[in-house]
C-alpha cells in the first residue's frame, strides 16, 4: 500500500510574529497510523488545524488522495473526508451528546427529523467501535474520557476517512488509552488513515506505522516506527539527549506531615465525590494517587487545599487541623506550609492575562516581602520572578510577558516554581505533566524527587500511571470516590489497572 | 427701536409640546409680525445655563427671555453684570431692576378645567396625570381638584405622576397606561400636565371614548371632540409681550402675575370642543371666572404653603 | 481584551490609531453636518475653537472632563474585577446627598478647604453606600449586578425626587433644589492654573475638583496595578477560579470593589454641586454615569486612557455647545449624534483601520523581528 | 370595587405594559444567546418607533409602518453586528453608540421632516394598530368569572400584543427545535465548536443579530403604532434597559422571559394603579415610593428567589481565531 492519503507541500504559517510552521512537507500513506511528535509549541496543532481548514496556511498545498484540495474551511475538510479530535475539545458543554454530534450535520432545518436518524446512526457506531455513550447526557457532566469519545463519534458520524487526533491520550487512563488504540487499529483495518499527535513516545512505538518529528515549527525527520527507538525520537525532538527514566533513591519517610481522616466531599450537585477517605503522608515520601479521571481525585485535592468545602472528616497539617468542613482559607494554608499545584493550570493555577511575574506570586501576594509600605514592590516581584525563570529554565526568560504567550510546558513550570521554591512542608500536585513534552517532563520529575529528598511530604495525583509508578513511594488507588487499595510502586500495571477499574477494589472495599 | 431679542429654553427643549414650545410659539409670532429675527438656544445641561445666558448678553442680545423656573440663580448673577440688558424670566420671581418676572396663576385655569371636567363627568370621578412630582405641577393639579370638588362633596379626583427621571416628560406609553388605569377606576375625564407624556394621556382618552384635557397650549385639535378643553397658559403671550414691549421701548421690569383677569390662563374654547360644552358648563365657568376675577372665590395657590387643601 | 493583530510600536498603538479613528468619526459627523446644509469645516472649527480656543472654553471643557473622569474611573474599577457597574448614574446622584449634607451643615462656619475634605468623604460615602447593596447582593445572593444597578438607578431617582421635594427644598421655592451654599460650600476656580499658561478661566466653572479627579485617576492606577487589593481585584476579574485558589475572598473583593466604584461615582457630585451650581438640583448627573461607560471602555479601563477619553467627551460637550451657539441650525440633538458617532468609530470600530495601519508600518520597518515558534520547555 | 374586576383590569394593564418588554427581551435573547451582548435594545426600539411613526403617517398603512420599523431596526443591528462581529469591537461600546446616535437622529429627522420637535404627526386610526375585539366579547361579558376574563382580559388587545405572546413559544421553538436554533445556541457557548463543525461563526451571529433587529423593530412599532398614535422623542423611556434586565432575570430562557416581563409589567401596573391610594394600616405612601416599588421588588425577588444567572459562555467576547 503506497498510495498517499495526505501530502503536505511547503506549508508555512505565521501568527503575527510567531512563525508556527515553516515550509513543512509531509507524506502520510493511506491506511496507516502516522504519529507526529514534538515539543510544546513546535507547531503540531497548528499544522493539523491547517489540514483541517481551521487555519489557512500562508503558503503551501494540501493534496488529499492524490488531488490538490482547496481546504478553505472545516467544511471543505469534512467534505474531503477529514475529521479531527482537537487537543482542547470542541464541544458545547451545556449541550447533550446528541446535540453535539448533530451540530453542523443536522440534515434538515427542523431538528426532529434528524434526531431519529442521528440516534440510529449513533447506535450503530457505538456498536461497531464499542464506544458507548448516553446520547442524552449533558457534556459538562461527563468525564473527559467520555467527552473524547463524543469527539471521535463526531468525526465518525461525519464519515471521516482521515482522522486526526491531537493528544488524545492526555486525559485517558491506560485502559481507556488501550481501548482507543484498539479503535484506531480497527479504523486502520477498514482502510482509514489516522494522524496521531502525542507526547508519549511509548504510544508512538506501540501503535504507529510511521512517525514524524517537529521542532520549532519545522519538520525535522520522518521515521518508520519499527526502525527507530524511543531514545532517537526524544533526541530528535529536543535536539539533545533526554533521560527518559527518573533516577530515584530510597525514600526515608519521617514524621506524618499530612493526615487525612474520613474525608467526604460532595460536588455542587450533591453527588458524593470523595467518600470517607483516610491516609497519612510522611515527610520525605511521595504518595501517588492513581485512578481514572473523575473518581474524586480533583475534589480530594481541592478539599485539602481549602478551595472546596468538605462534608465531613478531618485533615491535619503538621499535626494541627485544617477546617476543611468550614472556612478553610487557601491563603492561610499556604502560610502553614501547604503548597498546591492545581490540575488546571489555565483556569486555576494561572491567570493567563497576567504577566509572568504577576503569576509568580499568585497566592503568595500577601507576603510582606512583596510589599513596600502599602504598595506592592514591583521590583522585588520581578527580581524574584527572574530568579525562578533562571532556576526552572522558563522560556522565554521575560517576566513581563503575558502568561498566555508561554507554551504549556513553560506555563506548568511557572506554577511549579512558584509552589516549590518556598520550601513548603507539604506539596500537593495534580497532573504535573499533562500536555507537557518529554524534555520538560524530565525536568519536572527531577524537581519533584528533589522535593522529596529535601524531606517534603508530596501528594501526587496523576492519570498517567507511568508517572505515578515512576515517582511514588506508595500508590493509593481511587475508584468512585474511595481509596480501594494501596500498592507499592513496583505493582504491575495490570494489577493497578484492575484496581482503577474498580474490579479488585469493590471486593477489597467490601471486606 | 432696533432690538436683538433672544430666548433660552429649559432642559425640556423647545419642542416639548408644552411649556417651552409655547414660549417658542410666542417668539415665532413676534418674528412673523415684525420680521425681526431672534436668537434661541436649548441647553443640554445645567452647566450651560450661565454660559448661554452670559453668552447671549455679551453678544448684545436684548431683551433676553428665559423659559423656566430654574434660571433664577444664574440670572441673578448675570443680570447684575449687564445692567443695560433687559431680561425676562418665566415661572419665577426675581427682584432685579432690569428683570421682568412673569408668573402664572395656573391654579385659576385649573379651577375652570376642574369645573368643566366635573360637569362633563358621568361618574363624578375625574383624574389628573402629572409628569413629575414637582411644585409647579402641583399648582396645576391643586386648582383642578379644587374646581372639580367645588361642584359638590361627592366629586372624586384621582391624581398620579409618571415618574422621577427626566423620561417622565417623554413617556406617552406610560401616560396612556396611567390614564387607562384611571378610567378603570371610574374616571371619565383626565387632565394632564405632563409635557410629551400628555400626548399619550389624550390619546388614551380618545381611544377609550373618554375625555381629555390639554395643558399649556391649546390641544383641543389633537383629537377633535375628544378633548374637553385645554388649560392654556399664555407663555407665548408672555414671550411675545416681552419682545414687543422692548421693541416699542415700553419694557417694564418687575413682577407680572398673570391669572384669569390678565388673560394669562384660561380654558380654551374653539370649534373642536364646542359640541362638548353645554350651555350649563359655559354658564358655570363664566360665573366661576367672574367670581375669581372679582375675588369672591379665592383659588388656593399651592406654592403659598405647598399643600393642597381640596 | 486581546489585540487580534500583530503588536505595533507604542506611538502607533496609542497615538496614530486613535487619531485615525477620531478623524474618521469627525469625517462622518461632517457628512451629517453637510446633510443639514451647514459647512462641516466651519463646524469643525467651532468644535475645536469652542473647546480649546480660549481660556474660558478650555475651562468648560475641563469642567466636563472632570465629571467624566470620575464616572469613567468608577466603571473601570468595577470592570477590573469583572463587574459591569451601570449604576454610576444612581451612585453619583446619591453621592450628591453627602456633598449637600456637608455643605448645608458647615458652609457658614468652615472655609472651603476644610469643608472640601468633609464633602469628599460624604460624596464617596453615599456613592459607596449605593453601590454596596448591589455589590452585596451579587456577592452573597448571586443577583446579577447589571440588573441590580439598573434598578438602583431608578430607585435613586425616586429617592432623590422625594428628598428634594420633602427635605432639601426650601419652602416656597419652585425648583427642586437646595438653597444656595455660602462661601464655604463653593469650590475655588482654578484660575491660577490657567494663568500659568497665560489663560483666563473667565466664567467657566473649572474648579479644584479637577485636581481631585486627577488624583483619583492616579489613585486608581496605584490601586489597580500597585496594591495587593488591586491585584486581587484583577485576579478575580480574569478568573474567579484562580482567585479562589489564591485564597482571595470572592465576596469581600466584590463588595469592596463595588464600594470603591460607587465612591468614585459619588465624588462626581462634587464638581457640579460644589464647583458649579453651589446647590444640589434635580437630576444634576444628567447622564454622566452612562457616558462613564463609554469613557471607561474607550480608555481601556486604564487611567491613562480614561483621562484622554474624558477629555474627548469634555470637548464634545463644550465644543458642541459652541457649535450650536454659532450655528443655530445645528441643535443639541445633532451634538448627540456626533457623540454617538465618535463612540462608534473611536470606540467600537477601533480595530477597523488597524490591519491597514499595521501593514503600512510593518511594511516600512525591516522585518527583523520574525520570531521563531517559541522553543519548548 | 369588585376585587375580581380589579384583578382583570390589572392583568390587562400588565399585558399591555409587558408587550414591548417581551418583544425587546426576546430580541436580546437571540443575539445574546449567540454571544453578542446588546445594550442597544433601547436605541433600536427608539429608531424603530420613529420609523414606524413616520412611514405609517406618510403611507397611512400600518403594514408599511411596521416594515419600516423592522427595516431600520435590522439596519441598526447590522451596524452593531459589523462593529462587534466583523470588527471585533467592544459590544457594549457599540450598543452605547447606537443609543446615542438614534436618540439624536430621531429628533433631528423628525424636526426636519415634520417640524414638531421630533414628534411625528398624530396617526389616524388607519395608520395605527387597532385592538382586536374577540367575537362575542360583549355578549359574554356578564357570564361570571369567565366572561370578564374573556372580554376584559383576552379581548381588546392589539395584534402586536398577540404577536408578542405568540413569539415566546415561537422563539423557544426556533431556539430549541430547529437547526438554526441549535447552531445559534452553540455559537454563544463555544464558537470554536461551531467553527470546527464547518459552520460560519460570523454569518450565524449576523443572522442572530438580524433576528434581534426584527423583534426590536416590532417592539418599537408597538410603541408608536399601538400603544400610542405616533412617535414622541425619547418615547422608549428606558424600556430597552428594563428588557435587558428581564432577559438576565430570565436567565436567557424564553419561557422565563415571558414570566419576567409579565412580572415587570405587573409591578408597573400595580404601582400606577395604587399611586395615591390609602392602604390599610399604612395609609398613603409617597408617590416616589410607589414609583420605585417595581424596582425595589425586582431587587428583592432577584435576591430572594432567582439565584445566579449564568450568561452564555462566549457572550461579550468577539470570536478571535488567530491571536
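Order of writing sets the labels: A, B, C and D. Residues in every chain begin at 1.
Everything below uses one rule, namely that contacts are C-beta pairs under 8 Å (C-beta built on N, C-alpha and C of every residue); 3 or more make two chains touch, one makes a residue touch a chain.
All values reported here derive from a predicted model rather than from experimental measurement.
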Open item on the list: Applying the touch definition from the top, give me the chains sitting in contact with each of subunit B and subunit D.
Closed with: C
TODO: Count the smallest number of chain-to-chain hops linking subunit A with subunit B, moving only between touching chains.
DONE: 2
Task: Of B-C and C-D, pair with higher C-beta contact tally - done: C-D
Task: Cα-centroid distance, subunit C relative to subunit D, in whole angstrom - done: 29
Task: Centroid distance [mean C-alpha coordinates] between subunit C and subunit B, Å - done: 37
Task: subunit A and subunit C, separation of their C-alpha mean positions in angstrom - done: 45
Task: Overlap residues in subunit C, where contacts from two or more other chains coincide - done: 154, 158, 161, 165, 331, 335
TODO: Any chance you could list the residues of subunit D touching two or more other chains?
DONE: 111, 118, 238, 288, 291-292, 322-323
Task: For subunit B, residues contacting two or more additional chains - done: 13, 133, 163-165
Open item on the list: Applying that definition of touch, give me each pair of chains that meets it.
Closed with: A-C, A-D, B-C, B-D, C-D
TODO: Could you pull out which subunit C residues touch subunit B in their complex?
DONE: 60, 63-64, 154, 157-158, 160-161, 165, 169, 171-177, 180, 203-205, 272, 276-279, 281-284, 286, 317, 320-321, 324-325, 328, 331-332, 335
TODO: Could you please specify the touching residues of subunit A with respect to subunit C in the complex?
DONE: 14, 16-21, 38-43, 216-217, 238, 305-307, 329-334, 340, 342, 344, 347-354, 358, 362-363, 365-366, 371, 374-376, 378, 393-396, 405-407, 409-410, 412-413, 436-437, 439-440, 443
Task: Residue ranges of subunit B touching subunit D (in the complex, touch as defined) - done: 13-17, 21, 133, 158-161, 163-165, 167, 170-174, 176-178, 180-181, 184-186, 196, 199-200, 203, 222-223
Task: subunit C-touching residues of subunit B, taken from the complex the two chains share - done: 13, 39-48, 50-52, 54-55, 69-70, 72-73, 91-92, 132-136, 163-166, 303-306
- [ ] Enumerate the contact residues on subunit C facing subunit D in the complex.
- [x] 1-2, 4, 36, 84, 86, 133, 137, 141-144, 146-148, 150-152, 154-155, 158-159, 161-162, 165-166, 290, 293-294, 297-298, 331, 333-341, 343-344, 347-352
